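Two complexes, one shared chain (subunit A), two partners (subunit B, subunit C).
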Partner chain A sequence: MYLSPTAKISLLFLAIAVAALFFADIAITTVNPWRDLGQFFLGVATPDFFSTEGLATALLRTVAFAFVGVALGAACGFLLSLVYRFYPVRVFCAFIRAIHELFWALIFLQFFGFHPLTGVLAIAIPYAGIFAKVYSEILEESDPVPGRLLPPGTGVVSAFLYARIPDCWVQMRTYTAYRLECGLRSSAILGFVGLPTLGFYLETSFSQGLYSEAGAMLIMFYVLIATIPLWVKPKLLPVYVLSAPFFLGEGMPIVWGNVERFFTEDIIPAPIRNGEGLADLGAWFNDLMLNEALPGIWNTLLLTQIALVATGILALLAFPLISNHFGGPVRRTSGHVFLVIARSTPEYILAYILLQLWGPSMLPAAVALALHNGGIIGHLIGRQTNTLQLRPDAPNGFNRYSWELVPRVYRSFLAFLFYRWEIIMRETAILGILGIYTLGFYVDSAIQQIRFDRAMVLILITALLNIGIDILGRYIRRKLALQTMPTC
Partner chain B sequence: MAMSFIRKLMLSSLIVLIPFAASAQTFVFTAIPDEDESKLVERFRGIADYLQQELDVEVKYIPVKSYAAAISAFRNNQVQLAWFGGLSGVQARELVPGSQAIAQGVEDQAFFNYFIAHKSTGLERSETLPEEVRGKTFTFGSKGSTSGRLIPEYHIRTIFNEAPEDVFSRVGFSGNHTRTLRLVEAGTYEVGAINYAVWEKELEDGNINTDDVKVIWKTPAYPNYQWTIRGDIDERYGDGFMDKVREALLAMDDPALLESFPRSGFIPTSNENYEPIRTVAEQIGILD
Partner chain C sequence: MSGFEFAGLTASFGGERVIGPLSLHVKDGERVALVGRSGAGKSTLIKLIHQRVDGHASLVPQDLGLVNALPVFHNVFMGQLDSHSAWYNTVTLVRPFRKDRDGVRQLLTELAMADKFWTPTASLSGGQRQRVAIARAIYRQSNLLLADEPISALDAPMAHLVMKALSRRFTTSVIAMHDVDMALTYSTRVVGIQDGQIALDEASDRLTAADIMPLY
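Here is the complex of A and B:
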């Protein structure tokens, strides 16, 4: 039987995910999951906007951290993109973006403490790596013709500003604006480790079962994201960026001695720090690999593969919700609302909520990852189907779905999915902080035991794993000649 | 336009790097997040007001999200005083040479834990941790907690001669004691370990459905919570400041404040009193 390469690869990944299901820890451990879920939805339906004094401040801080972090990341990313052709720069950027914002925050918390810089850098650093990559791709693809038409003797800077930038400007602006939305999500979840953004208050309300309070916060967050086109205007942008640093809150003063101590003592492997021999270092490393890194890597891979395929299935099921080729305006509107909520809620928050309701296992994490990522991809390919013109006598209903639309969007669907593979893995690792035994669990445990040497090795391993998946994902996309635009 | 945009971006990034002003002489303290945050905030805001009155400096409480964050803030000198558990106190004092355990609750001299179980297990109170808990699901409190992690893990290992992951079918970390109570009460976990003070207070306040969740074992006693202060405190706030803080804590007699802990009063303590905790932590590998 002949199978196209895209079908082969799809079936291969499906088979891996099914096999992974046998090894994975999938269970609902709460006695009454539906009652809890019901209570949660009741809370969202009866939001209480006035109970928390901090709601307005939390939103303000969330926006401020997002603006400052993204602006700083964009500026540094732009500078890096100019030298992106150099191999060490590329490796450096791949490395800093392979470490999740929350991990960066956990690192900076150890020496900057609760200073705004912790949150700003946690967003800016990984974003700089991403901006560098995307900006350089945009610059590379710019039309070379204007450059050739310049008179001889034109300076490099002038040539760059007048012949390259104008051609890329719209694309760069669009991408930066899109990244701001991602920045708001990143900023919100930083609260879960103690920064003064939305996540801080959400965790407080949620862990105490105050669903109406939590519901109010979630609703405000959706409104904030959905109204971005209304309040983020090009003309207002400089005002926001310039004033945002003043709304980060005071935090606690930085003690610079802590920074030195962190780099010269804390992260040095304990056997070296204590002047023990190489044999002890070997034993230390062995113990770390066997008892923490390997189980963490195994669980991270299992969950990633399950979540990836679940994301794909959900995206394929969800895109008709917003496609012009199905249903009426009412259904499309509710489809839009569903997908906006799914993609605006960070995986971390979704996973946190589901874990509370269903108890700890990989199930809530897989569902959260699938909902968020499936929402994003479903939205993108749904929009893509709206540009398709079908023949007037095209079939209807299920036949239209399976024989007309899915085949036409399948390649870009796969492209998005493989693009998000690395993102899903990065999130999978981080969800360990919530108590699923992925790499993040062991990183968090090491930090809770004030063993930053171990935490750093585990974070490094996580980064390498992400880089590996990124390379593999790009290889598959190239093999299948799949093209896509970046998403976050 | 491109240039001006880039210029604006760079300018704003400069502003970020300007250090933030903070009032230097505020005396800041924190506490490990062992219970519901709103309870902690209410309790420690009361303590902040009380200390401010007694010490004549501005006193501020900052809530944190994890035990490690409390230890780090103390170590980084961003807070100068902390309400630690037994283990977090030992960890913090090891990291900050010269720091002192200055006061503990009367009850903290001989603190203990309850193991609790959901009604579906059919377990009743007994003299030791019964063999029937094997194969059940179990939750600790926070990873860095004394009463939520260290002591229960120690007893599980001693009684069963096995790691908790091997005794129970599923081991989790609820986050704090209130959550442990709620999770076992709801049956999410069948068995859990909880700090007795939180249990007794919630019971007194009528927040526990004793049909759903029962105490099945009470652990032997151990030293727990204490106020720990940095050793360099006098250099920053003037001679004798540490003594003033100690006296203020020991003299606390407002029933509402004490009831919020709940402790009947505070008594002097010292670093040496927590040596048993260090020994246990080293035995189960939490401390090197």
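Here is the complex of A and C:
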């Protein structure tokens, strides 16, 4: 039987995910999950906006951290993009963006403590790596002819400002605005490790069973993100960026002794620190690999593959919700609302909520990852189908879906999916902090046991795993000749 | 010095030779019209000359090379980026100086485009875009002009206007043109290209349109 390369790859990944399901820990462990879920939805339906002053502060801090972090990341990323053609710079950028914001936050917390700098750097560093890559791609695609026509002797700066930047300006601005939205999500989840943003207040309300309060926070967060075009205006941007540093809160002062100790003692592998021999270092490393790294890698891979395929299935099921080839305006509007909520909620918050309701296992994590990423891809694909013109006598209903639309969008669907593969893995690792046995779990436990040497090695392994998946994803996309712009 | 003499000019695409080897000697004050069928190698020859003179010439390429996001003024001003410091150019990007505005405006008036001064070139018509590229080449103030079909999108009166302006501003030029009558009117010498070789090289006043037709 003949199968196209895209179909073969899809079936291969489906088979891997099904196999992974047999090894994965999928269960609902709470006594009454549906009652809890019902209470949560009741809470969202009856939000309480006035119970605490914390809500306004949480939103203000979330916005402030996002602005400062993204602005700093964009500035550094832009400078890096100018020297991105040098191999060491590429490797450096790949490395800093392979480490999740929460991991960066966990690292900085150990020596800066609850100082605003912790949150700002946790966003700025990985974002700088991402900005560097995307900006350099945009700059590379600019039309080279105007540059060649400049009179000889034109300065580098003038040539760059006239012949390069104007051509890329719109794309760079669009991408930066998109990243600002991501920055708001990143900023919100930093609260889960104790910074004063939305996640902190959300966790507090949740753990006390105050679902109406939690519901109010979530709704305000959606409103904040959905109204970005209304309150983020080019003219207001300098005002926001310049004033945001003053709204980060006080935090705690930095103890510089801690910073020094962290780098000169804490992260040095214990056997070296204690002056033991190489043999002990080997044993230390073996123990770390066997008991923490390998189980962490295994579970991270299992969950990633399951979540990836679940994301794909959900995206394919969800895109007709907003496609104007199906249904009426009422259905499409509710479809839009569903997809906006799914993609605006950070995976981490979704996973946290589902974990509270269903108990710890891979199930809530997989569902959270699929909802968020499936929402994003479903939205992009649905929008794409709206640009398609079908012949007047095209079939309707399921035949229209399976014969006319899916074959037309399947390649870009796969491109988006493989683009998000690495992102899903980054998130999968981090969800371990919530108690699923992925790499993040072992990092978090090592930090709680004040064994930073172990934590650093595990974070390093996580970064390498992400880089590996990124390379593999790009290889597959190139093999199948799939094209995307990095805007999802 | 605006003339040039090159021997052994060659160019290949994908292993296939499209130009030469050929020699070309253009003296100061000569206006050369390059004629020939499309695909004969005229564009390639113009690019080759531009490389050989190390960019010391005003070039109007066929695809114009405009920065679409910038207004007409800045695209024209780019012809003189080398004669100002980086900070001067940066300030000009945000707020041009009066002296430069006046200079560019005068040039655009001559090309009947003064009303489009601040329009981004992306929203101009094909003929208007062509005149912006020509204005940039003139603003460049070099003695040698290399132009590839610079009047292909202009109507007859506008084409004459532009060719007159170019003749006034440049002492020496090599211009590829498919309109034989225009070529004869505005050149002192006609060079015909066929299959990457010079098939015709004659002073314009000794040629008629009928002499050139066999090249097409």
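One rule holds for everything that comes next: the second predicted complex is superposed on the first by the 486 of 488 C-alpha atoms of A that agree within 3 Å, B and C clash if a C-alpha of one lies under 4 Å from a C-alpha of the other, contacts with A are read in each partner's own complex, and residues count from 1 in each chain.
We adopt the following convention: a residue touches a chain if its C-beta (ideal position, glycine included) is under 8 Å from a C-beta of that chain, and two chains touch if they have at least 3 such contacts.
Bear in mind that the values here come from a model prediction, so they are computed numbers and not experimental data.
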{"item": "Clash-or-fit label for the pair subunit B, subunit C on subunit A", "value": "fit"}
{"item": "Which superposed partner A:A159 touches (first subunit B, second subunit C, both, neither)", "value": "second"}
{"item": "Which of subunit B and subunit C A:T345 touches, first, second, both or neither", "value": "neither"}
{"item": "Touched partner set for A:P245, first subunit B, second subunit C, both or neither", "value": "first"}
{"item": "Vertex subunit A angle, Cα centres of subunit C and subunit B, expressed to the nearest 10 degrees", "value": "150"}
{"item": "Residue contacts on subunit A - larger count, subunit B or subunit C", "value": "B"}
{"item": "Touching partner for A:N299 - first (subunit B), second (subunit C), both, neither", "value": "neither"}
{"item": "Contacts of A:L72 with subunit B and subunit C, given as first, second, both or neither", "value": "first"}
{"item": "Which superposed partner A:P146 touches (first subunit B, second subunit C, both, neither)", "value": "second"}
{"item": "Which of subunit B and subunit C A:W169 touches, first, second, both or neither", "value": "both"}
{"item": "Contacts of A:G209 with subunit B and subunit C, given as first, second, both or neither", "value": "first"}
{"item": "Smallest separation of CA atoms, subunit C relative to subunit B, angstrom", "value": "6"}
{"item": "Doubly contacted residues of subunit A, that is, touched by subunit B and again by subunit C", "value": "161, 166, 169"}
{"item": "List of subunit A residues in touch with subunit B within their complex", "value": "29-32, 36, 68, 71-72, 74-76, 78, 109-111, 113-117, 120, 161, 165-166, 169, 192-194, 200, 203-204, 207-209, 238, 241-242, 244-245, 248, 250-255, 258, 270, 359-360, 435, 444-445, 447-451"}
{"item": "Contact footprint of subunit A on subunit B as seen in their complex", "value": "1-3, 5-6, 8-13, 15-17, 19-22, 24, 28, 36-38, 62, 64-69, 71-73, 75-79, 91, 95, 118, 120, 137, 142-144, 170, 172-173, 175-176, 178-179, 182-183, 186-189, 286-288"}
{"item": "List of subunit A residues in touch with subunit C within their complex", "value": "143, 145-146, 148-155, 157-159, 161-163, 166-167, 169-170"}
{"item": "Subunit C - residues contacting subunit A, complex", "value": "54-56, 59, 61, 63-70, 74, 78-86, 89-90, 93, 136, 140, 142"}
